[in-house]
Amino acid sequence: MIGDLLNATVLIGIASSGIQLATPYLYASIGEMFGQRSGVLNLGVEGMMLMGAFTAFYTVHNTGSLVLGVLAALMIGALMGLAMAVISVTLQAEQGISGIGIYLFGLGMSDLLFQKSFSQIVTVRGFPTIRIPLLSEIPVIGEVFFEHNLLVYVAFALVPLAWFVLNKTTLGLKIRAVGQNPQAADTMGISVARVRYFTVTLGGMLASMAGASLSIALLNVFQQNMTAGQGFIAVALVYFGSWRPGGVLIGALLFSTVNALQLWVRTKGIDIPAEYASMAPYLLTILALVFASKRVDQPAALSKPFERGD
Amino acid sequence: MTSNGAPHTLPTGHARIDHMEMKGIVKRFPGVLAANQVDFDVRTGEVHALLGENGAGKSTLMKILYGMYQPDAGQITIDGKVASIHSPADAIRQGIGMIHQHFMLVPSLTVAENVALGMPSSRAPMLDLDVVSERIVQLAKTYGLQVDPECPVWQLAVGEQQRIEIIKALYRGAALLILDEPTAVLTPQEVDDLFVTLRQMTADGHALIFISHKLHEVLNISDRITVLRDGCVVGSVPAQGATKSGLARMMVGRDVVFQYKRDEVQTGDVLLRVEDLTAQSDRGTPALRAVSFDVHAGEILGLAGVSGNGQRELAQVIFGLRSATGGKVWLGSQDVTNKEPDTLNALGMSYIPEERMLDGVITDFTVAENVILQEHGQAPCSRGRLFLNPRAILQRSSELIRAFDIKTPNANTPIKSLSGGNIQKLILARELRRKPRVLIAAQPTRGVDIGATEYIHQCLLDQRAQGTATLLISEDLDEIMALSDRIAVLYEGTVVGIVDRKDANVEQLGLMMAGVRADAAS
Amino acid sequence: QAQDGEPFRVAVVMPSTVNDLAFSQSMYDALAAIQEERGEENFEFVYSENMFIVDDAATALRDYASEGYDLVIAHGSQYGASLAELAPDFPDTAFAWGTDINTYTDEGITNIFAYEARSEEGGFVQGVMGAMLSESGVIGIVGPIEAGDAKLYVDGYKAGVLYTNPDAEVIVNYIQSFSDLALAAAAAEAMLESDADVLTGTAQMVPGAIGQAQEVGALWFGTQSSQTSLAPEIVVANQVYDWTVVLEPIFENMANGVMGGEAYALTLENGGLVIDFNPDLELPEEVMAAAEEAIDAIVSGELVLVVDETGAGITVEEGEPMAEATEEAE
Amino acid sequence: MDLSSFRNPRLYRLIDPLLPLFATLAALLVGAVMLLLMNANPITAYRALYEGAFGSKNAVADTLIKATPLLLVGIGICISFRGGVINVGGEGQMIVGGLAATALALELPETTSPALALLLCLAASFAAGAIWGGIAGALKAYFKVNEILSTIMLNQIAIYWMIYLLNNTLIDPLKAQQASRIPETARLPRQFDLPRIGEWLDTLYKWLGLVGPDDKLWATTLLHLGIVLAVILAIAVYIFLWRTTIGYRIRAVGKNPRASRYAGIRVKRYVVLSLLLSGGLAGLAGGIQVMGVRHRMSAEGGGIAFTGNAGFNGIVAALFGQLHPIGTIPASVLFGALLVGGNKLQRDVQVPSALITVLIGLVIIFVVSSELWRRRRARRRVIVTEAGPPDRPPESQAMEAGR
């Protein structure tokens, strides 16, 4: 039975669908990582994903333009991010709950708007699969890595980009400093608030893109609560990656690939209880961390509002 | 109103600040009037020193000047124009720099990153850490401060962090530089080098404000001296003609003795023995290389050395906060190598940690809650080990506050709103109250005012008289000389020599701290 | 029903939203249709949606009952237990719940109707079609969790496929989620890459799977309500629920003072289950014929779908043309 | 905002405790606009919301029943957050707690005396939740696995496990034979029902002469012993955290692990302990849901159908209660009221349930945002009145009480 899993189609299938499933996590987790690196914990990712998913879907449905769809998603994400920033940075609200508030708002609002604008579920023509010339010709590799839609490629391009920004630019240095010791950053003449507004807004935009990558690329439909908790997994993956883009990438791929694997296992009729198979990705994510030797450097100021003179 | 012929822009490229004035500054904190109608000013080319006991209001006044606090009243003028300083960013823009008493460093970042933070990059938007590192190394050389630009700050001992804090400021080269207790943990050599630098800066036309609790330093470097007490200016005098005792009287309001009565104590048997102790630093590099020494009952063993040569690690290993990779630690006849702190507490060992804010207290807890940090589980603080006894706890706290004269509104004040000097007194009070057999005191008077220093020193001596074996770790040679019976010098994780206080002198110790072996040095 | 001008008032509590294209919407549509037919002045209905939290649903049911609605419908098999606890407190209110067959009469309760959907029947018919339409002989089914209406449909569909083509391979995957579209998509993709060319599925997350089928032009069968609008070019047919078929007799009973104790079922025979073909999709004659045949066989009772008591699935037996259940619904 | 514009401290001392209420009203105002857009009458809507939460004895009972798990999870959160661990695993811990109580109830002989039966099941649910939380604790303390990650994952694992058990081991034999095979247990035997306290309340009312001898006031409601247990436990947790040495250590480790280690506290053990206790309380919440409300477990509708999302809402309640067990009591009741009233609003005004979700989100956002003013004034107040330290944290209150 297990033998059935060890043929090319299956392995390619697992790998490539692992990559697809990982895409929304990458957007959301990288965005969340920026926020957390600067000291803001945003538990509202799920809500932002849903708003992004709906906005993109709605725009593409009405204009037929994917570009506009993405722009709309980015805009609504920025707005949600700004809202979170106002609440958690300017109003210094307890970040844990404000996030939950944002989540519920997004969960409800996306559904409400959907019911107002559509009488029935419809599909849109989303991002087509792009087979990268030459590269996609490579056996196996080509099928696994170079036959995806644009948003998948973008998601993976984000990882090195995020790494570069964090570690090689002055902005990245400011972000890291603000997340570790805002007082110190402040005395160096850095505006803690401005940095955090930037990261949280960026996080909102990326979370929104995560939603869009579902509603106008992978699935091409919208449905209430279609993200089904992926936003929270995305937050968990930031911890898995201990706040490093590379780590987040590994986490997202591990979680998604195991998920794809367990689906294939059952597709191939290997009979283990479906419930246990579904547990696998969650279980393995934890186990991986247990055995991984980890350099945990949690931003010291994570979820702590900053106020000068305290 | 140019005071001297110096050019209007400084070598660092900043516009010179001829005259900065703070007028009628008032600042309230919960239960405290930290600044009460304070007038203060500094001119180009001068060093204006600010003196005062812990909690007198020095840092607060400076934090106001640097935009970290907003005054409740009063105004700041620069060269006659009213300066609106609402944030450190504003202050920096105005050409003001500050060396912070409580270091403003980002632990997870490297030295170079800390220095580069917030500075324009030559390759914006990209970082230019290599360039920064080079300049740091240069600066370090010129100012005789040794630093490694690539090293993450969290791995550095307090003394090393102090150097980074200084380098950071010098790197930015402000027209008006505030130095809030920059010398608290520097070696005499380092202090001398720093002073050379400061004199050069004044010659160039910088204006400097210098805060220290060490009067000889103040007399040595400053042109004018202003003394604060309880937020009010007690007086302002020229440095010429000022005397230690005179200044002390102004600060404390009474006479202060600088010579302690330390009667000869018959030393007993060995209470703390360290044998070939080896341990690693946070970097994983060897920090202790086969360190051995004894401390007898009724003896104070002074451990001198430049910060970062293993003092921190040694104290941590002895107290079970860091595991020894080799060797043994004996408490009396008992092998306590790698035992947990709770065991050591029970066996009568006390530790006054160098990082008081991180290790010594829980800043969000009240004074009372910090008093019972170790003994909350024992009568009378707890009933039957399970329930706390608020009445007893409050009583003990009040006793200590009274006995050690700790400045705090009351025992239920969060300890973070006490001045560090008073926090230090509280830690000392807490540890001594337990009548330890062995006491490890790391930087016990760092940043503590002379009144408190005098008091703390006396306490240590009394403790010695009662037969406690004390290991005194300090970078302040005067302190070491004043208190120790024997002096060991630590250099790169090895004891380069143990000399008897009577035949030790500062020059010799200085050489040993530079790695020269005792025999050769003497 | 509507005695002395008083409108007949119905309240329904549903686990998901009234626009879920599935279980909840099918009931909402039925009530709307009845209101359409009888006029608002004679027939009122209110709904409480997204009551996935069972104790909230219980509160809603109790609240409706105490507000004097004539009929209170608990539209979800997870509500039964709560319903049985509160029904006795409201003897003048009639309750209906489903999908289940238990009217709690053996607990001495007299005011609960039960209803179910024999979705295995439509499943079977669609399975027959699927087996004939599949060229690879591999057919995939995406389900949520293996229980209730979903299980019936899946088992029925599987039985239909194997009845028609015993060598066919049926891939069933219960993905353990009602809402995760991405997971449904991945499951479907795995099936398609294992050569499946005909797919079906049930519950709210199937649009994810439909999308994948669409990309490679595999055929799709829907259930619970029509999914043709989602993918006109690949949807062969949908099994559509028409709850009016069970609601009408309940109303009649109530008019005659019967407040409960009866169990009803949507079946092909009573028209509660309708195979709704996609007009835009040309089907081979023999497939249509086979479908009609299967429907007739089930209606007439020539074919009996026997549900295995161990939950193992559904087996098909030749029975003689007539069944009791058929009579009474007449 | 400018602190020196601060006027009358006394006035604000009266206003501040009510701040969350004002914030809620503000949120509802925004909600009113949305209601109008959905052409629903806000007045009617909000009357319904109130009616649903407090309008009748049944409503009050429902609110309290809803508040019970929030409170239990919430006081657990007080322990873990004070101990410096973020336990977002309430959902999973409730589920395993419910499963434990259910499984035990199905195993125990029918002859078990009610008192013993209840005690055993409650204990079992606490233990199960404690283990589930303890796992996350051990992972954090000994393997450096971040607890937010592990608890999020453990939530999902618990859900799948529940579905499995209810589909196989625990399923009601009758259901197992039906075609639909609904994955739920049989109803638990009656002696496993938490006593309804309506009767008792009525007796009390009669004794006080508030009602006539044969009036039924609360007797008809479903109010069960759970809320009483929860309140007692809240008080117990308060005492535990601020009057016992273990509580002191938990708080110390939460505030500063380094200093705690220096003080001789075995930090890792206390990290595990915090999650253990907070998990146990969540587990207890699950057990009480089974024995007080559901009387069985069912996998239909997934985990949330059972927990009612209390695992997360409990966090909100606790933080609204300033992470203080006593403060969490009113916070839970108000949040419970909002949830119960929201459903009633949806029923009466027939707006989409999504609108209610939005509304609750808004309330949460507005309330947390309003905290700032209270905090700043609190600080300002002590300065003005020269009394005590800024923004005095609850821990010092216990000390003060000792005077």
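Going in written order, the chains are labelled A, B, C and D, and every chain counts its residues from 1.
Following the convention adopted for this analysis, a residue touches a chain if its C-beta (ideal position, glycine included) is under 8 Å from a C-beta of that chain, and two chains touch if they have at least 3 such contacts.
All figures in this text were calculated on a predicted structure; none of them were measured in a lab.
When the interfaces A-B and B-D are ranked by how many C-beta pairs touch across them, B-D comes first.
Rounded to whole angstrom units, the spacing between the C-alpha centres of chain A and chain B is 45.
Centre-to-centre separation of chain B and chain C, using mean CA positions: 76 Å. Averaged C-alpha coordinates put the centre of chain B at 47 Å from the centre of chain D. Note: centroid distance chain C to chain D, computed from Cα atoms, is 37 Å. With touch defined as above, residues shared between interfaces to two or more other chains in chain A number as follows: 111, 115, 224, 229, 275, 278. Each of the following residues of chain C touches two or more other chains: 17, 145-146, 176. In chain B, there is no position where the chain touches two or more neighbouring chains simultaneously. Every pair of chains meeting the touch criterion is listed here: A-B, A-C, A-D, B-D, C-D.
By the touch criterion given at the top, residues 63, 66, 68-70, 87-89, 91-93, 98, 100, 103-109, 113-114, 116-118, 121, 124-127 of chain B touch chain A in their complex.
For chain A in complex with chain D, the residues that touch the partner chain are 47, 87, 91-94, 96-98, 100-109, 111-112, 115, 224, 229, 232-233, 235-237, 239-240, 273, 275-276, 278-279, 282-283, 285-286, 289-290, 294, 296, 298. Listing the residues of chain D that touch chain C in their complex gives 52, 58, 62, 65-66, 160, 163, 167, 176-184, 187, 220, 289, 293-296, 298-302, 304-306, 308-309, 339-340, 343-344, 346-347, 350, 352-354.
Chain B meets chain D in the complex at residues 28-31, 72, 319, 321, 340-345, 351, 353, 358-366, 368-369, 372-374, 376-377, 382, 385-391, 393-394, 409-414, 417. Those residues of chain D that touch chain B in the shared complex are 4, 242-246, 248-249, 251-252, 255-256, 258-266, 379, 382-383, 386-390, 392-393, 395-396, 398-403.
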